[in-house]
Amino acid sequence: GNDPETVVVSAALTGALTTREQCPAIPYTPTEIAEEAAAAREAGAAVAHIHARTAEGAPTFDVDTYQEIHDAVRDRTDIVLNFSTGAIDVPLEDRLEYVQSVGPEVAALNMGSMNYAKYSDSREDYVFDMIFENPFSEIRDLLAGMNEAGVTPELECFDTGHVGNTRPLLKEGVLERPFHVSLIMGVLGGIPATVENLVHQVRQLPDDSTWQVIGISQDQWPLASAAAAMGGNVRVGLEDNFYRPNGEMAESNAELVEDAVELVRTVGREPATPDEAREILGVER
Amino acid sequence: GNDPETVVVSAALTGALTTREQCPAIPYTPTEIAEEAAAAREAGAAVAHIHARTAEGAPTFDVDTYQEIHDAVRDRTDIVLNFSTGAIDVPLEDRLEYVQSVGPEVAALNMGSMNYAKYSDSREDYVFDMIFENPFSEIRDLLAGMNEAGVTPELECFDTGHVGNTRPLLKEGVLERPFHVSLIMGVLGGIPATVENLVHQVRQLPDDSTWQVIGISQDQWPLASAAAAMGGNVRVGLEDNFYRPNGEMAESNAELVEDAVELVRTVGREPATPDEAREILGVER
Amino acid sequence: GNDPETVVVSAALTGALTTREQCPAIPYTPTEIAEEAAAAREAGAAVAHIHARTAEGAPTFDVDTYQEIHDAVRDRTDIVLNFSTGAIDVPLEDRLEYVQSVGPEVAALNMGSMNYAKYSDSREDYVFDMIFENPFSEIRDLLAGMNEAGVTPELECFDTGHVGNTRPLLKEGVLERPFHVSLIMGVLGGIPATVENLVHQVRQLPDDSTWQVIGISQDQWPLASAAAAMGGNVRVGLEDNFYRPNGEMAESNAELVEDAVELVRTVGREPATPDEAREILGVER
Amino acid sequence: GNDPETVVVSAALTGALTTREQCPAIPYTPTEIAEEAAAAREAGAAVAHIHARTAEGAPTFDVDTYQEIHDAVRDRTDIVLNFSTGAIDVPLEDRLEYVQSVGPEVAALNMGSMNYAKYSDSREDYVFDMIFENPFSEIRDLLAGMNEAGVTPELECFDTGHVGNTRPLLKEGVLERPFHVSLIMGVLGGIPATVENLVHQVRQLPDDSTWQVIGISQDQWPLASAAAAMGGNVRVGLEDNFYRPNGEMAESNAELVEDAVELVRTVGREPATPDEAREILGVER
């Protein structure tokens, strides 16, 4: 389970959908990503969650790019490396190959299907309206691939059913306890971003689980505060949210991590170091 | 909202996936469906939820078949008519046309996407592993079509996010309050079937909503009891579950309705008549 | 913990405050109590919760009367014997002596203080407005006395804090796990009688606890249904409520037990026998 | 209801039970209390919750002392004045007289009875073990007295039943909505200090209520963070807790208010001014 004294702060450095037009601080290249990872580590982050991008910012699943990111980050800092495996309309093999070849310590894994949408109140229309497809067959194959490669899965749960989806995977033996869970809140299509819903999601987890909250956009800060108050871990970063608690756009991932660290200290906890995070998550470098 | 004194008991007579090989009592033809509807009404059901089938039991979206069902049921009984619009891999237009042509009082509408799976502990494998796709674009079009035809939508919510999906639809104006909600519990991929989860789902609803619980397979009875205790409505029927509380396979939908009525009376409530249900749901015959 | 297949149905035969003017079926004398216990057992109760009364119906803490009750019940039936220790303004010693001398299998124990009141909407006044005083010093002494006598304590919790009060008692070593808990709901001054509150109370308990719900007056039946649906045990009886689910006044405790058994079966469970209850509660005859 | 943008930060300056031996910064005299109130206001507090003390620190219910406090605070700052009415073994009249004579804007009112205890794990004994007696008769008389004097009641709820106790008081007409509620958490005898319990308590309140959390001792900071995240108000101050989030003993109430303001800003909210608090609470100066 989580540690009552320390909080594992993760930094989701770049994501796949955001662009520099929206937020100039978003890193694209391996070098930029490594810079941001090192600065986030300095600010108090223990884990860097990473998606690869082309130099123009498009998502890529290229093994070499992921290897370059890995090496560039490792040259600069001891932060825990966490790779995404999520994408819409990308074959499973492409999302697994770089995980197995490059071997991050942790890889995130989406635990179910859902609508993945965004509605603009001002435009009165959907900004996007997609279906995020993650059938059991793919979840199982990703887990099996990670097990083979010695990569720890982080279970990304966007709703209560996604937590329930662990049941058959445990029975099949591709998933083992303790679970390491991300509770994503505030994606339209998934569970709404309220503290009550966070409490509900945490109650679904076995007691030996570790968990963090991932609040999307403006809801990130109150959810992170509530999670820190509940003994959970927190994720911030430009993948999830561009804005600091005071409403200003962040000029770097490190600024968001600094805000998270301040928040963590207001509840009397301290940010975990990467090695403390490794112990909490049970991963080896 | 719901009525504290009476419970609207719905009977889901046939469904689309179940077969007579599994349970001989499942009705296929319009005549059989009307027989079951009339017997369910006698036993205490106020609403019949219906999927059309061919004579061989395959799902069909044929307008004439739905019209025949409508007429045969109406000849026999005053039960509220509720048609399904859910299906996997069937175009939206096909699922809307019969609703608009035939005009049931209520039509069910799935409020989001999810995995729709079943895992067999004994076989150690998935019996099925599908993605139930209901993007916002389709939900919106179905709502608009029902509004046009004067059919009351029943919002089928399989998880907490599905309830949250009402938000943009309200903003767009295709959905209006009060909501009439079915809380489906126990489909693998959706919210697990626990009383705690039922309480959580009910809390997501605006106070003026009406709601019923739909528990899948063996979890149906405890969820129906809890719903009746909470002031909710209940659905039973061969679409959702073949077995009576004592473990015996039902020989008709009416038997399951009888069990539901007995359950309703153990909490001191009475089954609503179809006309009482119309008043509670705000529908006109 | 509780048993998923069976429900321990307790019958609270008489209480201390109710009178035959209110409900003619209330037993007063040891013989009457034993009759009611035997009939309740026939109807499906596994436990009889008993307060002693004088022949005129006043509460008494007389050791001989409790011994007579014990012997008369034991002559008639194998039901589990559970004695109350609760009272307002009666010295602790008087409430402990008969427990230690007579040695019932279980004795109930109030876990905290609270207002204990009743408000009449029609009279627009309080029917009674008392303070139910149960300081830690008394709880501790009662537990120590029961431990000494080999009597299993049933922890009566009227609010969330009462469950929390187990903490220091565990530390002191006068209380041990597993807990056997009664969740009393609907006394004015304690937690209100809602299914949501029942779910909340159950979540406070360690997983290895057994628990039953005790709903006061008209709220008893929906709470019992919800408890049965949640895997809990249920208590009915004239101490708590005079009325059957259909609104008629009960003519015996056995009638209320019959209604409870019917309710238990609607969720697919069976009433436990006294010996099954002993196994679940970990008590020896 | 509460304001989503601003947080009413209350400072409980002194209390009745704490001593300067435990924490040297605790103010006793009217002048000291006014100093602390003014500094707390500078730091961001909008409300000062006050108990009168003799020069030696003993609790007093003397009207003149409360008047001196009132005048000294009013000379120094525009902070909202909130007087306690809580005490153990002090007659009701004494606790009401100064409220009616001096006329603070708000007076706190305990909504039920409970054990009020503290257990020392190190000493393995109770530091104190009292019964906090607040029968309905006294609550009603305090409310009636406040209504007469135009003082707004703050309903102090230590458990779920205390919130439920509003029901008969509403019926009697001595209490009106909207409620202004303090949710006290972490007193041994009352509801334990968890975020889950806070969420549960907030759900009991009518939607138009305002509420703050009062966390006792080391649990204050996480509960305040969770409350701020949930849209609630927060109380800090030497009555409730001596220690800052970093574990150091506070050298003034203002230091604790500064920590609270920082916490409030980490969730993107701002502290309310006293006049903003008056508007939120519906009180007039």
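First chain written, first letter: the chains are A, B, C and D, and each begins at residue 1.
Here, contacts are C-beta pairs under 8 Å (C-beta built on N, C-alpha and C of every residue); 3 or more make two chains touch, one makes a residue touch a chain.
A quick note: this is a predicted structure, and the numbers were derived from the prediction, not measured.
Participant: After a C-alpha superposition of chain A on chain B, what does the rotation angle come to, in degrees rounded to the nearest 5?
Facilitator: So the angle, rounded to a multiple of 5, is 180 degrees.
Participant: Would you mind pulling out the distance in Å between where the CA atoms of chain C average out and where those of chain D do?
Facilitator: For chain C versus chain D, the centre distance works out to 37 Å.
Participant: Nearest whole angstrom, what separates the Cα centre of chain A from the Cα centre of chain C?
Facilitator: 49
Participant: Do you know which chain B residues sit against two or more other chains?
Facilitator: 196, 203
Participant: Once you've mapped the touching chain pairs, tell me: line, ring, star, complete or other?
Facilitator: ring
Participant: Just spell out which pairs of chains touch, all of them.
Facilitator: A-B, A-D, B-C, C-D
Participant: So in the complex, which bits of chain C are touching chain D?
Facilitator: Against chain D, chain C makes touches at 112-115, 117, 119, 121, 124, 126, 129-137, 158-161, 164-165, 167-168, 171-172, 188-192, 196-197, 200, 203-204.
Participant: Which residues of chain B touch chain C once you look at their complex with the stated criterion?
Facilitator: Spelled out, the residues of chain B in touch with chain C are 195-196, 199, 203, 218, 221-223, 225-226, 228-230, 245-247, 259, 262-263, 265-268.
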